[in-house]
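Residue numbering begins at 1 within each chain, and the chains themselves are lettered A, B and C in the order written.
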Amino acid sequence: MARVDIQADPTNLAGGMPLPDSPTVAVATGRQRLVAGLRSLGVLPTIGLVVVLLLVVVAVFAPLIAPFDATAPASIDTLAGPSGAHWFGTDMYGRDVLSRVIVGAQVSMVVGFAVTIGSLVIGGLLGLVAGFVGGLVDRILGQLTDVLLAVPGILLAIAIVAMLGSGIRNVCIALTIGQIPLMLRVVRSATLSISQRPMVRAARAIGARPSRVLLRHIAPYVWGTAVVQCTFTFAHAILYEAGLSFLGIGVQPPEPTWGNMVSEARAFIGSQPWNAIFPGLAIVVVVLAINLVGDGLRDLADPESRGRGR
Amino acid sequence: MLTGDLGQSVRSLQPVTSVLGERLPVTGLLAIGATLLTIVVAVPLGILAAVRKRKFADRALLVTSALSLAVPSFFLGILLLIAFAVNLRWFPVYGYKQLGEGVWPSIQGIALPVVALAVPQTAVVARMTRASMLEVLSQDYVVTARATGLSRLRVYYRHALKNALIPIVTVVGLNFGALLGGTVIIEQVFNFPGLGTLLINSVNARDYSIIQGIVLLFGAAYIVINLSVDIVYAYLDPRVRYGQS
Amino acid sequence: MTATVDTPLLTVEDLRVSFAYGGRPVEVVHGVDLSVGVGESVGIVGESGSGKSVTGRAIMGILPTPPARTTAKRMEIAGQDLRGGGVPEAGDGHQGQPIAMIFQNPFTALNPVFRVGSTLTEALVKRRGMSRSDATAEAVRLLDRVRIPNAKSRIRNYPHEFSGGMQQRIVIALALALEPRLLIADEPTTALDVTVQAEILELLREIQTERTMGMIFISHALGVVAEVVSRVNVMYAGRIVESGPVGSVYDDPKHPYTQALLLAAPKVGQFRTRTFGIPGSPPDPSSPPPGCAFHPRCALATDVCRDTVPDVRPRLAGGSGTASCHHAGESLVAEGATR
């Protein structure tokens, strides 16, 4: 989904102004730095960050945390509502929905990280090159980007999965291909605007090696923009994976994912709506948390507020 | 391919174009309905938020739009079904069956999928409208209009909105792709036999010529919509109409 | 252009404007007194940020409230109270509007998406109660009056199809469409070329005389103000620090700020070709200095200036005009220089 750049609303920050990188911060202890960093991030983004980190922990230790087996059918008590034994109820095979939601976090996190890293590396590098080199390379990449972006994201993913086959690896590949053009665009335009700065132009003019200019003078500034885009990529990846799994062409049952859980629960919304609601809410919570982090980072990376610190 | 011949479906052996043609009206209806609903709801909401900046309406819009961008469309569709079809029974579970059985049943039948499609669009367009209106309201010509003694409503809706619409139209156009993507999922949720359902069936049947046809069709629709956006631009902004002279 | 102060058109007493963005309100206009006679032209001069535009907009009733808050002991035009806020309506069954305003930047003052004719006729229909066809005819007449060539066909053009000077003429026509008794012109020539400036000033003078219209002419350029007004108010940091007939204020400035302004600008009557400026900068309204606001930049400042705000006192015994300075009349030039 395209995102709109809305004006940074200072009331969102709650924690106040972003901190300039002043010497006091530089010599502060690790803990003080963390506190200062979080304060400049603001309350809501910090909550988002905590939620995301918690989910990563849940995903890593899922088998240990999950109270029941997530995949083996347990014939008694099918389609039960929330109870003391089964907080989120049970599904049509009598499996514990909470356990399945916990294990399902694994797929979401793996896909989220894989797609984010993949599109950051590929899209980020291509974007740097396109913005820095310009000319024919830039034009070709620009046109490829335009073509890919003319096809709705979910449709592109479906078409690629249709060619490659379903399964978590192919889902990651398909979603990465869809996210690369967005990352490329963002990094390219940041590179372009930074290349115009007098400092960079001077470095190029006195004959510094292009690789050095790119790494020393451009990459550190593009990095902030790229990280913000990464949060959106992460959210997109989770939403699209859930969508593909819901459509039955992503990660296949019995391996639980939030998307295929909602899909399986769809037939029973008349008798047991909770089966669909819990995995769906899990998606909402993660995506909301990531978006909050992204908005917070974007406010921090805003060139105007950053300029004040220098 | 370039002549408009997309080949044959390997499964039904019908020409791809005619298979797509059969399904197009359903998807078109959903997409157009959702676009209209989006505009009708999002633009006034965005204006309200801009005019009442930092007040309750503004905050409420910010929170709900952030929330609705985090809800996957299939989940939103299912929540709507649970609430309004299963529990309240205001709308049918299989809405498609009611299409063409009179005006009211048709509207009832299509309402839930259209709403599910429109919600995330509304969030984006309302935020854009807010940002765009805020920008325009600080312009000198708005002050001139106020100094001419024109009423607030007239200044907002006639003088400011026409300028603010320019970026809004862009966002509606750019988001049309996302909307088409949304139909694929929403058709599945609500069992509408449109292009999205056809697509998923074709993926499962490995009917590649159909898949290719749908991808091309959606890509073409996106391009056509964005060309129309350029035409609307020219209508809205006289500086575009005559070129930068 | 000659003063008839004994029949006041506009009277403003103790006008105060503050802005509040959530926190403590910041007052930027601190008790301004102003009067304009029927058909009289009065100037407000001062550096950028001294509160001239805010004063003009407060009288016009177009400050955004909130954040702005306007209070005054008296603020009335021809007996009509302006303190209710909002753009004043014409009283007793008259059409139009008692006050109209024109702005600094003609390039942004007209709505780019409307034909200039449509902007004019809208005002005529809505504010003068004309029919559409009458309004169109009147719009052509107004454009003719402000010397837009081929007004009849130009009425169908968009603002960007006119030069800056032409756009300012159209803005003036829009103001005239309201048949105002007072025109507030906020730096109407600042954004224009020197030759175009002269034409616009000439046009404003003509119209003002022909309609016996009062005018408040705001500018940071002393020379420009001297061309069009009979009385001048010098504004600094939200206060009128000196006022009086333009000739005597310019020939014999009593306030050190006025003296500094005159020193910093070329001779009266010439257009400024170079900007000299006064050393230092005006105070930040959110943390004004104690005492006289000008004291940090004033070569004559003494202890009393640092802790007491000077009263408004007559410039000359028995003469008209005021000056608010503990050292009014002492000459800055005699002291050697500004700091």
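In this text, a contact is a pair of C-beta atoms (placed from the backbone, for glycine too) under 8 Å apart; a residue touches a chain by one contact, two chains touch by 3 or more.
Please read all numbers here as calculations on a predicted model, not as lab measurements.
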| item | value |
| --- | --- |
| Central chain (distance from its CA mean to the mean of all protein CA atoms) | B |
| A-B or B-C, whichever has more C-beta pairs in contact | A-B |
| Chain A-chain C separation of Cα centroids, rounded to whole Å | 55 |
| Centre distance in Å when chain A and chain B are each reduced to the mean of their C-alpha atoms | 24 |
| Inter-centroid spacing, chain C versus chain B (mean Cα positions, whole Å) | 49 |
| Shared interface positions of chain A, touching two or more other chains | none |
| Chain B residues within the chain C interface of the complex | 139-141, 143-150, 154, 159, 162-163, 236-239, 242, 245 |
| Interface residues, chain B side, partner chain A - complex | 54, 62, 66-67, 69-75, 78-79, 81-82, 86, 120, 124, 127-128, 130-131, 134, 171, 174-175, 177-178, 180-182, 184-185, 188-189, 199-200, 202-204, 206, 208, 211-212, 214-215, 218-219, 222-223 |
| Touching residues on chain A, where the partner in the complex is chain B | 1-7, 9, 11-12, 147, 149-156, 158-159, 161-163, 235, 239, 242-243, 246-249, 259, 262-263, 265-266, 269-270, 273, 276-277, 280, 283-284, 287-288, 291-292, 295 |
| Chain C residues touching chain B - in the complex, by the definition given at the top | 60, 62, 87, 89, 97, 100-101, 103, 105, 108-114, 122-123, 126-127, 158, 160-161, 171, 174, 178 |
